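Each of the next two complexes has chain A plus one other chain: chain B in the first, chain C in the second.
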Partner chain A sequence: MQKMTREALLEKARELLSSGKVSAVLGWKKGEFDYDVTPAVFDSVDALEDFVWGDFCGANLSKYLIKETKKHRVLVFLKPCDTYSMNQLLTEHRFEREQVHAVGVPCDGMADINLLRRKAGEGIVSVDSIGEEIKVETLYSDEPVIIDRREVLLERCVNCKSKKHAAFDELLSDAGEDSSSDRFQDVEKLESMTPDERFEFWQNELSRCIRCNACRDVCPACTCETCVFNNPSSGAENKAPVNSFEEQMFHIIRAFHVAGRCTDCGECARVCPEHIPLHLINRKIIKDMNAFYGVFQAGAEVGAKSPLLDYTVSDIEPGAVFDGRDHDA
Partner chain B sequence: MQRIGVFVCWCGSNIAGTVDVQAVSDALKNEPGVVFSTDYQYMCSKTGQDLIQDAIKAHDLTGVVICSCSPRMHEATFRKTVAAAGLNPYMLEVANIREQCSWVHKDIKTGTQKAIVLARAAIAKVHLNAPLTPGETPVTKRALVIGGGIAGIQAALDIAEAGFPVDIVEKKPTIGGKMAQLDKTFPTLDCAACILTPKMVDAAQNENIRIFSYSEIAGISGFVGNFSVQIKRKARFVNEDLCTGCGACVEKCPMKKVPNEFNLGMDNRSAVYIPFAQAVPKVAVIDPDACNMLKNGKCGLCAKVCTAGAIDYKQRDEYIDEKYGAVVVATGFEPISLQKFDEYAYNSSKDVITSLEFERLTNAAGPTAGKLLRPSDGKHPEKIVFVQCVGSRCDGCSEKGKPYCSKICCMYTAKHAMLTRDKYPDTEVYVFYIDVRTPGKNFDEFYRRAVEEYGVHYIKGAVGKVTPENGKLLVQASDLIDNKQLLIDADLVVLAAAIEPDKSARPLATQLTASMDTNDFFTEAHPKLRPVESPTAGVFLAGACKGPKDIPETVSEASAAAAKVIGLLVKNKLTGNPCVASVDALLCSGCSACQNVCPYGAITYEEKEFRMPDGVKMRRAASVNPAVCQGCGCCTVACPSGAADLLGFTNRQIMAEVDAICR
Partner chain C sequence: MRKCALSKLPDVFEKIASEMTLFLPVDREDGRAEYQQWVPGKALSDALTTVKSPKDLFFPQTEDLMRFKVEGKKIAIDDIREDVEPFAVFGVRACDVRSLDILDRVFLTEPRDSYYAEKREKGVVVSLSCEKPAETCFCTAFGIDPLTSAGDVAVWKTETALFFKANTEKGGAFLKIIEELTEDTAGEEVEAVKAKTEKILQKLPLRDVPVNAFGGGKTQALFDRPEWDTLSESCLGCGTCTFVCPTCQCYDIKDFSAGNAVIRYRCWDSCMYSEFTKMAHGNNRVTQKERFRQRFMHKLVYFPENHDGLFSCVGCGRCLRSCPVSMNIVKVMRKIGGKHNA
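Entry: the complex of A and B
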């Protein structure tokens, strides 16, 4: 359960909507099931009835600001990790800051429905969070299953990078703190594999890709006017899974596309219907960049230059990669 | 569809020796769009060029592919050729089948195959080529010379004589460089000071020359004809305009125990000092690491005695921004550190010295007023051993020394040996060498005089170990000609340390985007035909910054570089490169990535109007100023949306080349 209540968020939304300070609220609404929470735009106090806040509000709302700020002044609820995406989008001039009223919501970690399913089984009909427990009712059992919330957190919440909002107009709670996470541990595991093992790992993961484009569509760094994969003259169009090489190319092109801009928000992996750990590709690039150019967190501040778009005399020589020099040195 | 002509050059046997040129030409006849294909012995010759021009006319060619040497060599030549026949010069592509093919392959079959593949890529590219027209840029008529040694001084004087303003930036407090530290110069033995100091004064007095001494290059941007440079003038705590160089401050300064860099630490100077009597500018400088006043605010004697009121303890580093049309790099050399050469006891004995230290010991303005005395006890040395190639020509010990020959050591060691014997005939002099290399006008005669007239003992062999013992230096060496081991009890050992580029050269090269070799020497645009030009347009090279060099060579290079600079500065406009970036505004999302990486400030953003299916939209989008863009292509790789592209090297053209290679 989130310590911050739905009522607190609603109160803020009602207040700003009715005062006319904003004309729309970006939040989450319930889908068919409790866990089926989707981003939503609420343009009236009445509409707020559908507003939800809870363990399944993982969706990062930043990207929707591009579209909505063109029509409205928008109240957006942002969890700490979401604020990095907003900053990164502002760095890239994707919308006007004045069009946004950002309300920082504290976050106690969001639940991963896939992990929950694995523990509670299929046929979930209702999910109820109480404290650190999640009560799950399924079609196939009379008794609700009780699950420890901490065991079903999203990977990105287990490795939470910060409880501190990188940007906000107001906070609904006290400022949080940076968390120390071991988010590069999984990357290190991949690095310790032999090239053949690693190739097999990714071959196996990426072979499941159905090119639904969910990772691209949800990614707050993927905001091109025309995506190269949709542009007939780009040469990269239709990099569909015609063969095993091309299905990898889609993800590799995408990883390089967001390199230096990816805030590691983890939305790509969260939405992937095939459960491909796509965040690991981006995280590997972040880890390498940190080793080469010093620690850089995209979106930590508006206007910061990514090391890939910046040059300093002390930059590592590109040959270092080929020298096989120790990246962490 | 283009009508493409393919011309395969033999380059004598350079290409034809490893590539079956006839087979290449025949194979390419079947490529799509190719209507004519032939080969010729020397495509760059008059006859070769005529052949191309005739074919363009006879076959109505719209595009030309030349399979020859690197485009760096002759692309410009062939562009002129096709232009004279009425084609747009940018409808030409060069497939490099020499450097990238015949020179790196031994087997004719492989070479031929690769040549065909490279040519196919060029043909695929030409299909997508479009005519391009270059613009023009103005030239800033001012030159920058980096380094105030003899190379920099000579280059500046020559440029200034031609009527162009020129600035010298020198990191030391005075110009003069290494030559100012030398005693006599080979092979004519004129004293270095007598020929250098008048040039230093000339430079100071020339109204076209500004000298920024005790200054460094803080930043360089721009391009040929339009460099923007930031010069950092380090605080010398003395007002350069007021100081008369009288030396009263130097005399009164109580802090007299600072190692004197000019004499390589063999004597001391005061905290406020003038590097040497003939320094230009002759202005004092306060060493902030040694001055009590600057360190803890106690003293202030120099300010009290300075009648000109020039001392200024509050002086701060100052930054000057200036524009230049051309840059001459003359950063020179340094002897290598001998820390790793323990076998010669350089670190443990004061009487083991480097050749440059020997110069100071024999110089009238040096620590011993020109008397050759041992640094340890001030006694006259009776037996001197010179060791050649210390750290030069190192094979397999690159950790310690340099693979190259330092070039000047044979001559200066002959000079040192000869002058010692001349002045002190009772002193025995030994020179250990690997080879004696003395090519140069009057050089070998000079060396022979040392051996034949002055009786210097030249011994072919290596010194294995130098051991200080009872005030002597035991030199263990081998004589390779007599095949015996020698043990010499020397009083002084002089090491001819290898020379390396100045440490400031590497970061400077990075800022200039000028290329360097693995030893950090600057590389020439062409080692034979463009020896004083860097491959980076507008950057010229003079002296030891591009390889070991003696004074005559350095001076001639400086004048050559100056001639190149003058040739550039007399032009009012430079023809630009039409291969500039362009942004497809429809794809641009306005993220500013391109603007961030553009080294030339060629990209601006503005709100643009877009007519979309759902109405007219205003959106932020990038545009490129083609007059400022230099076509580096940074924006094309930084753009996350693929909106930025480089004319003449569009993403589509490059992908077409790759596809042709992978076909």
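Entry: the complex of A and C
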């Protein structure tokens, strides 16, 4: 359950809409079930009837600001991790800051419906969060199934990088703290594999990719007006995996293109229908950048230059081979 | 009807695989299932739906069509399609079986698509009746009976046995292959399983999506509905829904240049993409709203209009599970056509 209530968010939304300070609210909308929440624009107090806030509001709303700020001054609700994306978009001049009223919402971690299904079984007809328990009713159990909320959190929430908002106009609660999770653990596991094992791991994962582009289209760092992969004049346009090599190229090219700009928001891995752990690719790059150039968090500050775009004389030689192991030892 | 003990399933698979390539849904580590080729040790998944549908086996995501080769001043055109060996797809749910009827309407009417046709001719569809429909299932809204599947052979599973019934000549020949492993039965047990599942069908939350609000002849009434604006606003245009959908059939034809030869292939395309059917004059649908509307109007209005009232959604629920923003055909239908079917 989220400690912050839906009512608190609604009150803020109503207040700003009625006062005319904003003409639209970016939030989350109720679905057919308790878990299929959709990002939505609410342009009147009446429309807010379908507004929801809860354990399934994982979607990061920052990217929608590009589109919506062209039409409205927008109230956007941002979880701590979402604020990094907003800052990064501002760094890249994707929209006008004045068009946004950012309200920071504290977050207790969001649930992953896929994990919940694995625990509670198929046929989920209702989901109710109470404290650290999630009560699930299914078509196949007479009694509700009780699940420990902590066991069904999204990967990125288990490895939450911060409960502190990096940007806001106002906060709905006291400022949060940096988290102490170790998000690089899984990357270290990959690093400890032999190159062959690692290659096999990625072959296996990426072979499932259906090139649906959900990872790219949800990514707040992927905001090119026309992606090279969609642009028939780019020479790299490609709608489908012709072979596994091209498939990997798509992911490698994308990873390099978002390198230094990826905030590790985890949206790509959250939405992949094939459950490919895409966050590990980006996180490996973040980890290496931290080791090469010092710790850098994209989106922590508006205007901060990514080390990949910022040459200093002390930068290591680009040709240096680095694989995380000490060669002198 | 024929019957065999459930414990004999691996033998059944082995026997089939000795005669033809066998594909079936197999569980994956991430908790979802996908169609894979059977090899000893692979077990049939209990999952209701696979991430991608069996459409792939008849209409692959990418498929080589032909090769052009320049020799001096001549161009040689080679048919480079892969040989299709006889194959069986085991465990196809009723929704996916219906999706093949829908694809047939597209690919088997003149001009017939010979690539698809060959796979349809050589493939035996062995359906599997549903025991535990999910909350995302709404096949019954489209008149599909998940308890008596069509396909070349229909299969029912009880806790201890499997029951087979041939629906077509091809299905009869298929049952011959496993004749020694099966025995004749009147199949009373089948009715008991069906009755149990029937009760669940009555409880499915999406069973009464408003299909009657859609159908042929409704273009004028639905095209300019204001709801398309709000429905499409969250859509990312990613195309996931079209790639997991068993009935989406749009493809692009592209050339891959390999030095002095060009390989022409086709790959799935998506009406959700900005460059879909791009022509010299530009694009037919320039906003995501128009692209979004196309997907649903096609499934719910244009297709039935052109194909004797047949909707081209089968209610499999895949788009409900895979859309990154949880927007889907049920939300569209209920927003435009009302909560319940009238």
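Keep this in mind: the second predicted complex is superposed on the first by the 320 of 329 C-alpha atoms of A that agree within 3 Å, B and C clash if a C-alpha of one lies under 4 Å from a C-alpha of the other, contacts with A are read in each partner's own complex, and residues count from 1 in each chain.
By definition in this document, contacts are C-beta pairs under 8 Å (C-beta built on N, C-alpha and C of every residue); 3 or more make two chains touch, one makes a residue touch a chain.
Computed from a prediction, not measured in an experiment: that's the story for all the values here.
Trainee: Taking chain A as the common reference, can chain B and chain C both be placed on it without clashing, or not? Answer clash or fit.
Mentor: On the superposed model, which is not a single observed complex, chain B and chain C fit side by side.
Trainee: Who does A:I124 touch here: chain B (first), chain C (second), both, or neither?
Mentor: It touches chain C, and chain B stays clear.
Trainee: Considering only the touch criterion stated at the top, classify A:H93 as touching first (chain B), second (chain C), both, or neither.
Mentor: Touch partner of A:H93: chain B, not chain C.
Trainee: Looking at the overlay, does A:K305 come into contact with chain B only (first), chain C only (second), both, or neither?
Mentor: First partner only.
Trainee: According to the stated criteria, A:S18 is in contact with first (chain B), second (chain C), both, or neither; which is it?
Mentor: neither
Trainee: Roughly what angle, nearest 10 degrees, sits at the C-alpha centre of chain A between those of chain B and chain C?
Mentor: 120
Trainee: Looking only at chain A, is it chain B or chain C that touches more of its residues?
Mentor: C
Trainee: Answer with first, second, both or neither: which of chain B and chain C does A:S180 touch in the superposed model?
Mentor: Neither partner.
Trainee: Applying the document's definition of touch, where does A:N231 land relative to chain B and chain C: first, second, both, or neither?
Mentor: So A:N231 meets both chain B and chain C here.
Trainee: Minimum Cα separation, chain B versus chain C, post-superposition (Å)?
Mentor: 6
Trainee: What is the shared patch of chain A, the residues that chain B and chain C both contact?
Mentor: Comparing the two interfaces on chain A, one with chain B and one with chain C, the shared residues are 226, 231.
Trainee: Under the definition above, what is the set of chain A residues touching chain C in their complex?
Mentor: These residues of chain A touch chain C: 31-33, 36-41, 59, 64, 114, 117-118, 122-125, 138-140, 208, 210-214, 216-218, 226, 230-232, 237, 239-242, 267, 270-271, 273-275.
Trainee: Across the complex, what residues on chain C touch chain A?
Mentor: Result: residues 30-32, 34, 48, 51-52, 61-62, 132-135, 200, 203-206, 230, 233-234, 236-240, 243-244, 252, 254, 256, 265, 267-270, 273-275, 278, 320-322, 324-328, 330-331, 334 of chain C touch chain A.
Trainee: Which part of chain B faces chain A closely enough to touch in the complex?
Mentor: 507, 510-511, 586-593, 596-597, 605, 619-620, 638, 640-642, 651-652, 655
Trainee: Which residues of chain A touch chain B in the complex?
Mentor: 91-94, 221, 223-226, 228, 231, 233-235, 257-258, 261, 305, 308-311, 313
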